[in-house]
Structure formats: C-alpha cells, structure tokens
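Below you will find the structure I want to go over with you.
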C-alpha cells in the first residue's frame, strides 16, 4: 500500500489498518480526526500526540492487551506477533524458560505484560532488558512501555505503507555513544536509563542497553520530541566493569542535562576505570 | 596547655575542658573512657567514634543546644561563641537581618539551630549556606550538622592544646577541586552536596560552597573516615552558570564513586558550559 | 558509461578515458596493466598504488601540468576545469584578485601550480587554503598536492562511470571532529595538518580546514591507506581563538598517534580555551 | 652563616663564598655588582639574571668544568661533589659501570660533562636521565645543563646560608602532574621535555622524569621565570606504555601552550591508553 492508497481508503478500512498498529480505541479515534494525513511525518506526529497527550493510563493498558502474550514457553518458542520478535526463536530452551519466568514475574509485579520493541534484539538481550526493567517502579515501567509501544506502532506504519518517505523521519532526538578509552573500543552491553524530572521527581522514561557500537539507536521513538526540562541518563558502569573484571571507581555515571528545544541532542560518555568525560556532541 | 598537661589533669578538670568542646553528655562519658589519650590523633579519633557511632539523635541535639543561639540580630552583631564566628561581625545591617531571618526559618523547619563551622566564613557565605541547606530534609540536615559540630569540636581541641602535633592530623578524607576550563580559573561559589547511599536512599551527609580556589577544605571533618560504600558529590553547576550569565548544558553535575578504603579520595571536576570531566586524582 | 562499458572498451579508448582523470603517463601505463578491472574498488585501489608507489616526482609534476592553470584573474572568473571548481565563480572581484595573487605566489615558491580538490569549496575557502599551504615547505606541498590530485582522480572516475557501486568505496581512513565545548558547537574553520614521521622528520602529508560541522570529510583520498607508523594532526587552535576574540591557552593542538592497521581511525578533538581532550573514537 | 653574615663579609670573602656555588667568573663579577643583597630572593633573582642573560656559552662551559668529573667508576663509587650526589653511592657495580659509560658517551658527544641536579635522584634515575638526554642535540643539552647548573647554584646558596627565608622562594614556575586514569594512579617514570620556540625552532630547555607522584618538582629552577612565548611539554607516553606492556595509541603527548605572564602554570595530563586530556590547572 502506498501512502495515497491509505489516504484513499474509506474510514472503516483506514480504522482497520491503523487499529492493527496500536490497540487503543482512544488513540484510534484521536488519530482518525487527522485523516487524511498530509504525509508520513504528519501521520507519525499525530500518532505521537494522540498517544502521549490524549491517551491516559487506561488507554495505554488497553493497547498493551492487544499484544499477543509472549510470556509462556510455548509462545516464546514459536514465531509470533509479527516480524519484530522473530529473533526470539533462536534461543536455547533454558533461555526460553528464563524469559518465560521473567515475563511472568514482570506481569505479576506491574499488572501488565512486558512491552518491548524487539526488532533486532536477541532473546538474551530481551532477558537482560526484562531483568533490568523489573527493578523500576510501576510509573516508570508505564513510561517505558508507552515508549516501546509507540516504537512498535511506528514500525508497523512502516510495514503497512511501502516505499514511503520514511527516510525523512527523524531518528531518536536523544542519542548517546559510550567509548571505553582504556580499550579504544565502544562500551557495549551497558544499561542506560533516561530519566525526566517530572512533578518534582526523577522518573525513568526510557531504557535500553548499548549495542556493539556503544549506542542505543532507539532510546526514544522516532519523531518523539522531549518537552523542555531537565533530563538525565544513568549509565550502569559498575555492572559494566564488574562484568569485565575491571575494578572501576564509578558504580554509575549520571549525566544531567537541559533540553531547551527540538534539536537533536547527542550526549556521549567517554569512560575509563578512574575517569570519565561527557560533552554535548553534534 | 600542652598535651601532657591535659593528660595530667584530674578527671573532673579534664571533663570540664572537654565539655567545652562539645556539649553532649553521652559523648563526654564515652570519650572519658579513653582518657588519658595516647596523642592528639588518638583524642580526635576517639572523639569521632563516640560522636558518630555511640551517640544518637538525642545526644546530637543536646550538643547543638550548647551553642549560643546566633539567630537573632543582637547576637549576630556582636562577637560571640568564640573566635570561630568573628567574621560575621563585619556584615551590613541588611545582611545581618537576612541572616537572622534565615536562622529563624531554619530553626522553625528543623527544630534545632543552624550549626556551621564558621571559621573563615563571611556573613555572606553563611547566608548562602543557610539558604542552600534549608532545602534539605531533616535527616540530611542532622547529618550535616553532626559533621559541622564535629569540625567545631576539633577546632576547639586545637585551641585548647597549644603547639600540639596537629600537623599530623589528616585533613578531609575527600577533597575536590572545580576548574572552569573555559576561563582557566577555579570554579568558585559552587554548592556541593556530598551524599551517601544509606538504607537504600541517597542522603546528604555534608555540604559546602567552593572557595576562591575552587575547593572546600573541610568537606569532611579532619580525621573523619567514610565507611566503604557508594557516595556522590552533586555540584550545583546550573546556579553557577546562571550567576555568571553563561548558558550551560548542565543543571547539576552528579559524580558517583566508590569508597573502598581509608585512603584519601580526590575527585576533581573540570567543567565548561557544554562538557565536563572527572577523575580520581592523587 | 557503466563499469562493464569501461571494461569492454578497447585499450586505446580506455587509455583516453583514464588519461582524462590524471595526466601522468607513468600512472596511466601502470594502471593499464590492471585492465580490465575487477570492480570499482579495484580500479581505485590500483590507481592509488600506481600513483603513490610507482610514480615519482617527475610523474606527479607531469600530472599537475595537465590541470588548466587557474591562477589568473580571467580564468578564475570563468567556469573551467570541469564541475569541481564551479563554486569559484561566485566570488567577488577582490577575492578573485587575491586568489590570483596567491596562486601566482604559490607557483613562484614551489615551481608547480596550486592543486586542490575544489569540490564544495568556495573561493574564500580556497584562498584560506592557499594562504595556509604556502607556509609549508616544498616536500610537504608535493605530498599534499599528490593527495589532492588523487582525490580529483577518484572524483573523475565517479563522473566517468555512472551508477557505479561507489557507495562501497571507503571514505577517508582518518577522520576527525572538532567540538568547542565552551559553545556546544562544532569548531569550524580550523586548519588541520596531517603529518607523517618520514625519514626521521615530521612532514605534512595532507591539509584542510574544518567545515561547519567541525569535520574535514576528505582529509585523505577515499580508499587511501596509511602505512603503519606515527602520525600527528596539528590543529591551529591559536588562529581559531584569535578569530573569535577569545583568549585561549593553546597556540596549537598537536595529537600524535599510532597507525597500526587498515582500520578506520577517528581522532576527535574536544577543545575549550583552557583545556582539551582527545580519544580514539569509533 | 646567616644572610646578614653574608652581607657583612668583605668583598674577597663574599666572592670566595659565591664562587663555590657556581664556577663562572663572568657570573661572579656580574653577581657581585649587586652585593650586598636585599634578601634571599634578591640574591637568587640576580644570580638568575647574570646566569641566563649576562653569561654566554663560554661562561656556562667554564662553570661546568668546576664540577668534579663524576664520569669514571672510581669517582662514582665514592661520595663527592657535596651532598647533592650522595645517592649515587648506593648503586650496584653494574649500574656504576653503565653510568660511567654513559657519562663518557655524553662527554664525547657534547664536549662537556653531564650536569644534573642530583638531589634526591638514585643512580638508576641518573642513568635513565643520561640515556634520555644524550638523544638531544648540543644546543638543547646546553640549555638543559644551564638549568641544572642554576638549580645546583640555588641549592648551594641554601646550604651556605642557614635558616634563611628560603620558604618564600617560588618553586618551579611550570609544573605538571600525570595521572593514569585507567589505573587511578600517578603516571610515573615518564620522560618530559620542556621546549621553547626559540629563533623559529622548538628547542628543549628542560627535561626530567616524573616521580612516584607523577610530578617533576624542579622542571624549572626555583625563581626562574619563562619569557612570554610559546612552549610545549612532550611526554614520552609511548615508552611509558611499552614499559608496562599496555598497547597505547599515543607514542607521545605534545602539549603546546602560551606563557603570557609571571604567574604559575600548572599543566597536567590525564592519560589512558586511547584518550587523554589536559587543562590549565591552578
């Protein structure tokens, strides 16, 4: 389907297409007010606004329930829920079992299933993410799951509409890059929590693990714009050094910064066991 | 009085001397168990142990009540409470009034008077400290006031015993130094909070303002040893840049680090508006 | 012409095509030994080998003479020598005159014309480059001009062969990025000299000026591989600060590093007036 | 002898005393023009001026010849030339022999004996210094030896005049501190060359090796003031990493900076294998 194919659908068919991208009724009715859409960016931008600013907890939870439950062993060993999660299939039986257990623990703790944009993630990475995220409180996990759902929504838009001008869609507004300057290599497998200062408290709003290049490509969903304010990224450098048997001085690195506009923010970390630097990059 | 003069006093006179250094009965009786003392360091070390580990909130508050109340305008305009606070006298009438008001607000909020080791501090610096510290919670202020009382105790020891081997007394176990590498100058007038990770929470345990050389000489009382664990220093860099009309990227710089032994920890900060570094110095 | 069109030409026609890319007879005969070429990368790689390792000063100078002389006012005000240099045309009369003068000075000093890969460079940038490069010695300028000629050769290959797999051609093996962390902005218009340690001396082998993003995209020609050894980049930070009326501590920043293999080397500079950092990036 | 004892000596006796501190006749006659001296700093300051700005190569070489030759095995195994060099005595026979050989090589290359302020230096450190300094050219070694002679002169002043106000004598105008932030330890045993930009060339003017604290206390003689200009310190980081079997990216670190006034310059280096920083400290 091309973009104009979408715009030329009747309302009922359009709703059917969009509902397959995100399962919240409130989100759908909000988004349909903008139909037809000016272009791909307009679609994503309206989807973002409806999701973050018009929906509430009830709506977010409703969307989560439309994901196939991937918490049990049977479902985890099959290929389900679309292409996003196919990498899970390659995991060992033990890993699958650990994932199943972690999913179940997660749902027990928070009352909703674990939502993650699984594209490109292995079962091992998903388990690591689950184990990291289960330490958050419920409000934080709701923030993170919202972001993950929105990433999934955008990915589904991209599958739905072929050959679209998706290249123009801005990637994550906030990016980072961890370099281990003792090794001259990227700092990989480091958990990063992005926190916002919300209602007088620091609250995690996104979370990920650095890849082999020391980056998290989708710390924020594409097109998502942070409101002006104070944010911080917390890098779990203690775990990083423990895992490589290096004695480090920094249990965590906590970089607080100001977001003042819609421009791109690149905030890298240069780390070594007894020193680190950061700067606003470009 | 020399150190051996002190050791040669009878118990009653010794108690009189020591009670003038810190007003807690529990502290005094604990300290007297160690009398006579091996040397100056032994006296300070026992005083520290009694104060931090044998006393409790009741004892700390009792010691605080033995300070002359410096909160009202009359007392602030005189020279009182020993040499430590003489610098206050030079302040203007408005400043004195602001100090009086801040002292009163402080006592109303926390239920005890503002304790600060005033040596070398001007009235303006004391006001700034009061305004900074009043933002803390009561448990944090109790921590900080304990440290300040202990610094005062050690200063009084030094006045009581002439020509002592005080040079061997170790200075603050933790030191820092702020350099503004945009200016090539020390970062002065920056509030720093030292926090410990206590009972699962970050709690301020000491607080100060950098001097003209970008340092806080007595962030910790001399001889005080931190228990192994996680600590952080939080530098109020946002205020610093606001006060110099520079637009900075960092509302605060938060350096978390591990204390593993009794050695000296030097943790400097090199700051510029869009980048900073830290390292473990020597 | 497609790549296979080239390979299907007879020898004479192929020579005519390649001779238009670089005017050295020795280079051409060396390159023709490799005809037909396996693919685009093979062509570039052989061209590089012939140029750097089979040709000598006579051959390099011969190639330089095949460039239209761009040193006089008339030629500079026209559009000549192919698309590479069209940006020159937009310059003012004064600028053109200054360029003509600088070209003439250059030729008088070194005995060959100023060779520069002008793609994307304005007349002002070219003048700045001329004024920078004229300070080098003849051996250094010969090195630099060789590199510039090779960049031009590769650009001409790309124009000659349409739709080729040029995307696979590796960009500059060595890259840098200057960030001014006092401003949170790229460090632009900074002259950088790349020097190699050749026969016991440091000799400039490439030279450029950082663009608006603080980078020099083509410090080395695409596909060019540095021999293992010691290299340094010298950043003219004194001029940079002078031009912005900032008092800086560093007349120049000189970063020496080891090249040990064919991998990509990213060596950024984070600069502020009284401090700087560098690291091997990725 | 007190300072006023010195000032009360007759001219002949004063000359005898001062001649024992530095063996150049020109220096002595220049210095005697300032006799009697206002205070210790005045003596040192005049001695510096006479030495650096009134003497020439002939005078410097004359002073060097007044040092007992310490190049042969016999003399090296004894204790000679005053207290400055007593540490040499503790060395093993092999070390003494290597020292003797190196001294002889040095004198053969430069035509004057190896001058070094040996205070606090072991025979091993002296050998390392000899091996480092023999790589310099003659003009550079003359610069360095001049500085070493002046340090010796000042040390002899201090021994000659008891209980003097030597504490007020400023230490080295330029200091550095190397920290290895991979280890959280000082960078020790690193050769540093201080170079000045003299007559259009970089020339080594002082040289030393970092001690266990990562510092060189006397890189410049006490009281010596650098003329405004460009200077650089070159740190032999390649050797440092080689000696600790760490693969590093930096064969050397070369920090160029501007001296604009008589204030103290602290220029530290924070090094790790794939990154480094420097700043102007305080």
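Residue numbering begins at 1 within each chain, and the chains themselves are lettered A, B, C and D in the order written.
Assume contacts are C-beta pairs under 8 Å (C-beta built on N, C-alpha and C of every residue); 3 or more make two chains touch, one makes a residue touch a chain.
Nothing here was measured: the structure is a model prediction, and the numbers come from that model.
*Asks:* Among the chains, which one keeps its Cα centre farthest from the Cα centre of subunit B?
*Replies:* Chain centre farthest from subunit B's centre: C.
*Asks:* Report same or different for the subunit B and subunit D interface, where same means the shared residue numbers exceed half of all residue numbers found there.
*Replies:* same
*Asks:* When the centre of a chain is set as the mean of its C-alpha atoms, what distance in Å lies between subunit C and subunit D?
*Replies:* 44
*Asks:* Which integer distance in Å separates the CA centroid of subunit B from that of subunit D?
*Replies:* Going by mean C-alpha positions, subunit B sits 42 Å from subunit D.
*Asks:* In whole angstrom, how far does the Cα centroid of subunit A sit from the Cα centroid of subunit D?
*Replies:* 60
*Asks:* Which subunit C residues touch at least two other chains?
*Replies:* 179, 181, 184, 249, 270, 274-275, 277, 279-280
*Asks:* Which label fits the chain touch graph of this model best, line, ring, star, complete or other?
*Replies:* The chain contacts form a complete graph, every chain touching every other.
*Asks:* Which of the residues in subunit B come into contact with subunit D in the complex?
*Replies:* Within the complex, subunit B touches subunit D at residues 179, 181, 184-186, 213-214, 270, 277, 279-282.
*Asks:* Provide the residue numbers of subunit C that touch subunit D in the complex, in ascending order.
*Replies:* 230, 232, 238, 248-258, 274-280
*Asks:* Touching residues of subunit D toward subunit A in the complex: what are they?
*Replies:* Counting only subunit D, the residues touching subunit A are 179-184, 249, 270, 272-275, 277.
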